[in-house]
Amino acid sequence: MQAETARYLASRLVTTVLIVFGAMLLLFTLSSIVPGDPAAILLGPQATPEYSKRMISEMGLDQPIHIRLWRFFSNVLSGNLGIDIVSGRSVWSMVMAVLPYTIVLTFSAIFLAVITGIPLGIFAATHRGSLLDNILAFISVAFIAVPGFVIAIFLLLIFAIWLNWLPVLGTSRTGDWLDEFRRMILPTIALSLGWIGFIARLVRTSMLEVMGENYIRTSRAYGLSERLITYKYALKNACIPTITILGLGIGRLLGGAVLIEIVFARPGLGRLIYGAISERNYPVVQGAVLVVVVVFVLVNLIVDLSYSAIDPRIRHGSGAQGAGG
Amino acid sequence: MGNKLSRRRVLVTGAGVAAAAGVGWPWVALAQSGAATRPLLTVRSAADFDLIDPAHRRNPTDGNVMRVVYQRLMQPKPNSSELELDAASEVKQVSPTIIDFKLKPGQMFSDGFGEMTAEDVKFSFERIGLPPVAGAKESAYKGDWLYLVGVEVRGKYDGRITLSQPRANIYDVVIADGSGCIVCKKAVEQRGTEFGIKPVGSGQYQVVSLDKQKGAVLRRNPGYKGTRRGAFDEVNVRVITDAKTTELALRAGELDFAILAPAAADPLRGVSGLTVSDQPSIAYVWMGMNMEKGPLADLRVRQAIRLGVDVDQMLLAGYNGKVPRLNTALPPQIMGHWREAPVYKRNVAEARSLLAAAGQSNLKLRLTILNQPEYQNMALVAKALLAEIGVNVDVDAQPGGTYWSSGKADVGKNLELYMSRFNAKHDPNFVLQWFTPGQIGEWNWSRWNSAEFDGLFKAAGSETDPAKRRAMVVDMQRAMDKTSAFVWLTNEASGLVHKSWLKPASVPGWGDWQYADFSAG
Amino acid sequence: MSVLAGVTSTLRKVCGTLTGAVGFAIVLVVMVCAIFAPWVATHNPDALDVMNRFAAPSGAHWFGTDHLGRDLFSRMVHGASVAMQIAVLAIGTALTLGTALGILAAYLPPRSERFVLIVFDVISSFPSLVLALAVVAVFGPSTAIVVFVVAITLVPHFGRVARSQTLTLKSAPFLEAERILGASWPRLVFFHVLPNILGPLVILASMDIPVVITIEAGLSFLGLGVRPPLASWGTLIQDGYTYISQTWVPVVVSSVALGLATLGFTLFGEALRDAVDPRIGREH
């Protein structure tokens, strides 16, 4: 078993590297066909043709793709994510400056979604068909349906303006813990509502599937208490798709909470990438996307590896969920 | 321009620049020193920071902070575009191409970097205007110091600026503006690329922290020796890109001051504790036509298009009617503004007959715009209006990255109709430079090739007699009008929203906010 | 059992539950609006009337007018049409491509299978925002671009499910029997594999319709959505949000429309799956 696990791990790591490489290849290909002159965008009329040419050559855009890829990865392996041509600072420091904000928001949102969504899902599954189940269905789907930025503005209007309970701006000037926490409440709620709805539906469905399974019926026949069945078996198995989704979610949110970040004026990796692409600031785009891709892939690797801890029936490589999530 | 570049004129109080002609400025400049100090001022900035460094600054956000962190030889007075001395005790125009200056002694840089000397001035100007030395990056603002030969140090506090040609706008646009900021030579050499985020200057404030996407915290610089001390101990510049968020923050009292589009500022009028006012800007927004492309090369077609749109209706849709109409390239506040410019009214019949005369009955044209609401709305109205004269317009809204390159190089040859907006400065040459033949393939998106315009432009650039210069500038605008390739729209307006106890200060219409002159009334 | 009888019996099961019935009703309304938009709408959705902007709801304009004086009700109805077009095209493309790749992956030797899975993961891990921005930058914003971006993002989603379904099916006795009897590979796939895995995939697809609509709304917020003056729910929400201080009607109405549509499709999809999936059918 040990050798098999080790082999599996090694093969997954190789796959991970290939995925990262594939994603960066895609990015570099896109960046070579995307039009737009970085100097013109950054400086407007101030940019002379010489300045534009210099900027393009500093960004390495006049080189063919394989050379750029080679240079990029050799830099990364020596710990250098690139230099922002515009400000002269290292991309690593720029990413590190905003990463804490993104991580804190992402994990808070997922945490809130889990502690709210799972109980709701269990409740809906155990009370299937009741009025409450139907109401929860409507609410969950409403949360999923309405776009994040619309939720955000309604939250702001209600809680920040009308009730005046919470602040508008998502980060604090002073860096004081309590202030930062207060300012994080609305963005976290806005970001997590969709996930709460989604997890609630997912848990409900998974539990209903499992509860109809043979081994559950057998357990019931043997007289095990309903409660035990629910929480020990059904829930445990309902967790698997939930964990998959969470794995995907963490990866996605790291690069994708742009709308929330814009509305609440919070720094974030999503905004960094969005801004950098709009400005055609390629070194920053490359470095930041690499970070997002690597985190996504690593998180999913951890998720996949944790499957076997939860359900020994899932064999590596041929299980119902499939290798690679 | 009021400067007389005569030999022996000593500029002690600063040149009398023809300020806002007929544009009312609502506030009177307030006294600074002696006014009560308040702990904190929170202002909004719409764009993110890049570098607080005159040579490598990027946008007005950088600029506003730059001007309170560094001193200049001269600076605009509070709420005025008139100049007064700042770091210099004397600035003398010795000849049309030579300017002597004398620094005030004892002006100290922050962070213990010592006293300002003429060496620092030489370093500051030459690093922008002259080719870079020893691996330094070339400055994007090199053009500001055009014709600079060098700065000669003649004493600890004395120096001489030498130009190769006279420049009418050297004081307003260069010496008293961003590219005239004086940095500490030792600090730049020591801090290298870090200098832009940890700047060292001698101005009223110093940068305590600078976070991208978040903001900057400025604290009072105890070493500042000037008279305009700043009423606030701390200035927090918050970066908020979304206009809606800004509005909500103002309502919640989290911001003291912000600029919004007039339509966005309007709803805040009723909020108690906030004051809203409209201030005309000196941007210039227009719809242009590529004079080299297909049917647009025919003057009659361009005239028809100009007569087919209704500018007032477009402004109503784009800006809620809150902006003034512009009829020529130069906004009214700028010297040389052509007051008698024709105001074109929509005339469907004449437009149709012009098109018929040109033999074009079912034109299909593409209108390229930046994908922001104002332009989208104006474009849609233009599309509906032009449909009535038989021109079928396809609106192509591009995001920023692609838009700003759509008129350049080879791509620019395919441009048909477009809408554009540039920021101006109080100098007609600055405004009109983008329409010269040399800018075709760069920023002359209409691809207007006029030797006459070019000649007038060069002459006006060195003309020292204001009356003659004004006449040349008006002729340039007349020539532009004759081409019918530019449908002028507006010079925009800004909605100023601030707490009622706050009195902001800025160079009128320029968008250069003077944080050190904000005061609590 | 004939296809028609199968469909009607499934529908009856779906409408048996409250949520299913509500979902089905909403889906029906949306589809009618989408297909018959020019007849359901009261005005031309692109007709400008700048002097009459931000009008309140009235007899002439049921939901009022927007910032350019266009009738909001008509724009919403046409928005349903656009949303459905994008959803159907994007999901259809992703479903086809994803299923093909998924089945292929299930039958390929391990190395090639791994390659396909890596491609799936590359697409999943790549920030869709970057893809959207890049594609819009090259080709300009348009409905086709939105469809393209959404379809690419959904391919791994369908691909993985198709693959795991096919894998489960591969070892089924009846397939083995067919193979022994000499059935060719294409025949196996099209007549035996596909019909059996299509069920879950179609249900998954119906539940993805709201996801697609929401993605389009997000893209419109960033200015990357469909070309103006086309009315999509995303652009309606974005416009309403921009001018919310002038009037709250547009943003509320379009958000509610989006919410209801998503609700309808999700409930319908879930009821469909409940009706079809034998495991859930058993009451506990």
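Chains: A, B and C, in written order; residue numbering restarts at 1 for each.
As a convention for this text, a contact is a pair of C-beta atoms (placed from the backbone, for glycine too) under 8 Å apart; a residue touches a chain by one contact, two chains touch by 3 or more.
Here the structure is a predicted model, which is why all the values come from computation and not from measurement.
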{"item": "Centroid-based (C-alpha) most distant chain relative to chain B", "value": "C"}
{"item": "Centrality ranking, top chain (CA atoms only)", "value": "A"}
{"item": "Length of the line joining the C-alpha centres of chain A and chain C, rounded to whole Å", "value": "22"}
{"item": "Whole-Å separation of chain centres (CA-atom averages), chain A against chain B", "value": "40"}
{"item": "Distance from the mean Cα position of chain C to that of chain B, given in whole angstrom", "value": "46"}
{"item": "Shared interface positions of chain A, touching two or more other chains", "value": "34-36, 153, 277-278"}
{"item": "Chain B residues counted as touching two or more neighbouring chains", "value": "244, 399, 401-402"}
{"item": "Shared interface positions of chain C, touching two or more other chains", "value": "133, 137, 241, 244"}
{"item": "Chain B - residues contacting chain C, complex", "value": "243-244, 247, 264, 266-267, 313, 316-317, 371-373, 376-377, 379-381, 383-384, 395-399, 401-402"}
{"item": "Parts of chain C lying in touch with chain B, wherever the complex brings them together", "value": "48, 50-51, 53, 67-68, 133, 136-137, 140-141, 223-224, 227-229, 239, 241-242, 244-246"}
{"item": "Parts of chain A lying in touch with chain C, wherever the complex brings them together", "value": "15, 18-20, 22-23, 26-27, 30-31, 33-36, 128-129, 134, 137-138, 141-142, 144-150, 153, 201, 205, 208-209, 211-213, 248, 251, 255-256, 258-259, 270, 273-274, 277-278, 285, 289, 292-293, 296-297, 300, 318, 320-325"}
{"item": "In the complex, chain C residues that touch chain A", "value": "17-19, 114, 117-122, 124-131, 133-135, 137-138, 160, 163-164, 167-168, 210, 214, 217-218, 221-222, 234, 237, 241, 244, 251, 255, 258-263, 266-267, 270, 273, 277, 279-282, 284"}
{"item": "Touching residues on chain A, where the partner in the complex is chain B", "value": "34-37, 39-51, 54, 86-89, 94, 97-98, 153, 156-157, 160-161, 164, 167-169, 171, 173, 262-268, 271-272, 275, 277-280"}
